[in-house]
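Order as written gives the chain letters A, B and C; numbering starts at 1 within each chain.
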């Protein structure tokens, strides 16, 4: 993971900073210039709520090398109250219990470590709420 | 009057029982449990570390303080398990919380008292008027060597305290530090596990420093054990804090609430700070609280505190230590524990 | 635009081809196509390839492949659209001939996946790096979520998914170039190891080496090269949001819908006219979603198609008579071209035991990533 690429994503990854189109109100995450709904180039900064609902999910058994030790783990598309969807791991539960409709809170966790000497990468994971 | 304006704590969800570790090494679980007065301890998830624990605890502290995180002028984190050897934990925490960039950040290290150190410095900076709010955190994912006594107790968790002068939840009545060079427990650069000097870690290290710092605080404040409703001491195991508390004149009842080690284990820099958070979850306005930490090497920080009217009104805004300790949790086997604590040598490791 | 035909084809076997390097594979397929046409020269070359850079450390495939065919000097460029690279290369070649700029173009695809790269990591580059791969989702994981969404919405079952694998292996067993030339049983599929729930090992196309090439020329010139050219009736392509999370309905492959509509429009036909199809079954669920998106079955009915024989050889609309990606293999960049070759052979009556009798109109659909790109071509017997 090259440092500049990681560093640029910190506002989005660490604080869930998103962009809200000032023309049509559509929220996109991570922030982008051109609104995918109305195509205007008029983004404003906003932040997502740290909670959402599972839309669909799976349990990864064959994992990429950096995630091998965590397998099996649940991944889910989670929708926040801002109608934004994120792809996150769902942690702190039996992966088999992750189903559409599950309410999760978004918690700050270590997403991956680049081998033994590379940088540590942080972000959000879903954790079952309540 | 400077004091704590917000506090928070975090305990990971995973646990391992003392029996399970004892079984692994062919030791008598009953003897361990009774000898250490310890039943189980918390284990960090594969995705948790000092930074993630600090963020979780600090978020709750900000909630309870009700302040804009951008108003925090200094962030200090004390730990024995900072994720990087070089690169501060504090910088990730400020970005996650939306603090800064006009903020002073430093990581602290002093074995198990790095957390109270962070608090000590945060307090001083606010008292001096240099910053309006300062955050001091103690968090750890402590390591204990396999088949060593410390393996039964070394656990994970932490607590965060925001110091300020307005809308104080807990006043600081006095603070003392007592430090000597005492090689009771250490870890050399590049070593994976710490080492300790066995029974030498008791009387000449833990008991001497905790007692000296606490007595100095009594003298400074003119208070005695009877003046406090609660006392929290560093908890390397269940027994030491009970012994030192009694020797200093505290009753079992005064020690009870902050004595979270039997189910949490020893979270090193997070130990007494998390015990303090557990007390703040319950304390009534006017209650005086004593907290004395201990860090090997060695030293102790001792604080005398008093809860204000505001504390009961704010503490409901975030989770309590007992709720996390007694709530939803999962027990690991020793094998899972070894994997989580990276005690298994993987391909590619030298 | 001029009418365009495919006049020759060549491909390697697909499989774990240890003896063949990236350029060996390409040379074998390219030379076979040139020889079949009796051509000793081309006007230009398009090479479909997803990730030679990460698989074998080699980029700049255009000139390298031209050189490998002894054609250094010819305009050549690599086309990339993840797993739709082959289809995208075919489309580029098609337009270059159609617009009159070239009279003989080689559209090829190649991938060398077995030289030791971490395939899971490389394939994940087809997904969104910042939003998806960063968090630990894999390529099979994305399709697994699509599967679950489809199961939730339409009652598709794990058995429905398994039937696609069974059907395609039955077809592939008749294909001498397929990676797996053996049938698999339903129980076998359902018992194979879990990759990303609900997708098991036998729901997933394999890791393969291989290359495929076709020659395109104006239909008017076709008889110079072959007695039985196949007319490309239309080409359609579309994209969709890259990240699965950015799509309104995870069970619906919008890029496939759109590319199909564009291709049908260009060809002046509808789904009911298609008699044989090669469809992108990178995972069993993909075939189910794609046949719905192509209008070959009703939305929600995709799950039953393989199970009830609708898409089997001999059924209403045979899909993946080659064995599909599942049984034939999926050397990523080569797949789109290999699909075209199967239809080419079907429409020329050269498909042997896989032949769909009297097939006149065929379709290929080639898809990239988790459905972020899709290329559809429609072919007609001349």
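Convention: a contact is a pair of C-beta atoms (placed from the backbone, for glycine too) under 8 Å apart; a residue touches a chain by one contact, two chains touch by 3 or more.
What you see is a predicted model, and the numbers here were worked out from it, not measured in a lab.
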Smallest count of steps, each to a touching chain, taking subunit A to subunit C:
1
Which one of the chains is closest to the middle, using the mean of its C-alpha atoms?
A
When centres are defined as mean Cα positions, the distance from subunit A to subunit B in whole Å is 30
Can you compute the centre-to-centre distance for subunit B and subunit C, using the mean CA position of each chain? Integer Å is fine.
58
Where in subunit A do residues touch two or more of the other chains?
70, 89, 111, 125
Partner subunit C, residues of subunit A touching it in the complex:
9, 12-13, 30, 36, 55-67, 70, 72-73, 75-77, 85-89, 100, 111-112, 121, 123, 125
What residues on subunit C touch subunit A, complex-wise?
118, 120-121, 124, 128, 130-138, 140-141, 144-149, 152, 193-199, 241, 243-246, 250
Which positions of subunit B touch subunit A when the two form their complex?
13, 45-49, 51-52, 55-56, 83-84, 92, 95-96, 98, 339, 348-349
Which subunit A residues qualify as touching subunit B in the complex?
10-11, 14-15, 69-70, 89, 91-92, 107-111, 115-116, 120, 122, 125
